[in-house]
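The first chain written gets the first letter, and so on, giving A, B, C, D, E and F; residue counts start at 1 in each chain.
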Amino acid sequence: MKYALLVQGAPYSQQASHSALRFASALIARGHTLGTVFFYHDGVYNASRLATPPQDEPNLVEAWRRLHQEQGTSLLVCIAAALRRGIIDEREARRHGKEGHAVESPFELTGLGQLIDVHTTHDRLVTFSP
Amino acid sequence: MKYALLVQGAPYSQQASHSALRFASALIARGHTLGTVFFYHDGVYNASRLATPPQDEPNLVEAWRRLHQEQGTSLLVCIAAALRRGIIDEREARRHGKEGHAVESPFELTGLGQLIDVHTTHDRLVTFSP
Amino acid sequence: MLVMLRHSPHGSSWLREGLDVALVGAALGRKVHVLFLGDGVQALIAGQTSGPLGQKGTHPTLDMLEMYDIDTLLVDGESLAQRGLTIDDLQLPVSLVDAASLPRVLAEHSPIYSF
Amino acid sequence: MLVMLRHSPHGSSWLREGLDVALVGAALGRKVHVLFLGDGVQALIAGQTSGPLGQKGTHPTLDMLEMYDIDTLLVDGESLAQRGLTIDDLQLPVSLVDAASLPRVLAEHSPIYSF
Amino acid sequence: MLLHILNRSPASSRVPFDALRAMGDNDRLLLLEDGVYGAVAPLAETFASIRGRIFVLKEDLVSRGLEHRQAETMELVDMQGFVALTEQATQTVSWY
Amino acid sequence: MLLHILNRSPASSRVPFDALRAMGDNDRLLLLEDGVYGAVAPLAETFASIRGRIFVLKEDLVSRGLEHRQAETMELVDMQGFVALTEQATQTVSWY
């Protein structure tokens, strides 16, 4: 089956990201596909390339990136939730006259419509929240 | 009296920042001083210069900055809580080989010791949490 | 689709972000029903205002639901009762869901979003 | 100073960040007492492990408290009882606080940090 | 005298009960943010034991549409009243 | 058949009670993260009405020091077991 995950917890504050990453590995191990991870609410903080966790703790941003590389999983970040939280990419930075950016490929800023569409293109959506 | 605030909620997710800012205005209106705001846990997200809220919503980062300009309030951000959450300044960005930064003056990355010291230098500490 | 709203207004952004999912779903042509449950029933209390710093609140968005053809607003009766509320306290006409019907509401909808 | 710990391990970073305040306070020469209350009593359950992704957990930090001369560990008895726990289930020796003493513990400490 | 500050409703959280157990006989409690839902009957009964020592932040009550619905045991304060409560207390304890 | 996913403990939150009320007669419930504290007596009694339909995520139980402490009504599943539950259910509903 083709899965999508909705992640809504900040990465170093709540367990939601950890649970979602473990669930991702397990579903792949069972032969399913992980098509999309959609980040909403404080989940958008998972996309920050500026996150600098201690060396002896899991690097969650890196773990998401690896999912994309190895499985082709789309990493979609709700743009409305992200902008107010300072999770902006180069294009939004330019548009709002900010120097620097927090999001880069393979994370993509996108609209909520993509979350709605998940149900037509995936078999299961599982939500991980704080 | 000299007040300090401890802010622990993410700015666009929880009401803690709003309450703290309103409390700040009220204590100043009553003739007190706001010496320090210390940002911890998800409160560190208040310091992100990349935050881009919609025009018709309160700009919280700007409101904190104004407090510093008008009252000389120190805006201290716990460095350990901030780094893992991607709230880094230019110096930390350089040290960790990252391009771009999320924190700039008047916000200062600092150690937890400053939170402990607040009690010797301020008369009251009030905590606003999610 | 069913959007379950379980958080109160003003205290956090959950309610606003859940409502945004409902609106976008409707804008994309989905048939959207909304279920207010737990603290979410407090979203419907009449007479809400914007926050003291100008925070918009969610009550104006609730008034917009009908424009988006979201006219099935379901409210868990027990959640209301626990909080001393009746449908007369609410800003919009709603359909009460009793204890026996609540599981059926969930069973009859797909997909379900929970905020 | 008193550090109140009211959150459970692993689920969020509250407990870890509260413990960090206790350790830094002690490192700066403050006399630190710790009060476990509510879900915080679950921090003390013996036999915890790191998380499946290698998350460190807080049980190793608890073992370090004594090295920092933090030897007054107070535990709310009612919070334990509500969760089916007794002091025999805990990884460290603690002092039980009964219902009558709980308000006194708060009254006798300054400053109080609540996590 | 301590000022306890609570932002959780007894309808969805057990934290209000922990806060009440930790309060001394002269301590005061302020309800703010989502805590103000506890100011309305029947939830307000949760706080029956601290009658005369319980305060509600008016702005948060108003924005939630609860003005004039609070139980009569609840004393309303505005933000400056909240500051005054922190002046009178030796320190504050936040419950969240 | 729906799979409900709960990460709150009945010791500190009322959300578990809302989840139970919303469950159909064949629905299942998985406890994970801080939800697993509800798998241990006396809190486990909260879930007495759904005996045979309640599952606990083993990794989260173990990391919290609760291995072998869960009530006998609780069925342990590992992460792959969690995935299997989502395969069998038509959809999932998260309670947080």
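One rule holds for everything that comes next: contacts are C-beta pairs under 8 Å (C-beta built on N, C-alpha and C of every residue); 3 or more make two chains touch, one makes a residue touch a chain.
Predicted model, so just to flag it, every value in this text is computed and none were measured.
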item: Neighbouring chains shared between chain A and chain C, ordered by label; value: B, F
item: Chains in simultaneous contact with chain D and chain E; value: B, F
item: By count of C-beta pairs in contact, the leading pair of chains; value: A-B
item: Residue-number overlap at the chain A/chain B interface, same or different (half cut); value: same
item: Whole-Å gap between the CA centroids of chain D and chain F; value: 26
item: Whole-Å gap separating chain B and chain C, where each centre is the average of the chain's CA atoms; value: 33
item: Multi-chain contact sites of chain B, meaning residues that touch two or more partners; value: 12-13, 15, 22, 41, 57, 125, 127, 130
item: Multi-partner residues of chain E (each touching 2 or more other chains); value: 7, 11-12, 14-15, 33-34, 59, 79, 91, 94, 96
item: Where chain D touches two or more other chains, by residue; value: 10-13, 38, 51-52, 55, 110-111, 114
item: All pairs of touching chains, each written as two labels joined by a dash; value: A-B, A-C, A-D, A-F, B-C, B-D, B-E, C-E, C-F, D-E, D-F, E-F
item: Complex contact set, residues of chain B against chain D; value: 40-41, 80-81, 111-113, 115-117, 119, 125, 127
item: Residue ranges of chain C touching chain E (in the complex, touch as defined); value: 8-12, 38-39, 42, 45-52, 55, 57, 59, 82-84, 91
item: Residues on chain F engaged by chain D in the complex (per definition of touch); value: 7, 9, 11-12, 33-34, 37, 40-43, 59-60, 62-67, 79
item: Of all residues in chain D, those that touch chain E in their complex; value: 4, 6, 37-38, 76, 78-79, 99, 102-104, 106-107, 110-112, 114
item: Residue ranges of chain C in contact with chain B within the complex; value: 10-13, 51-56
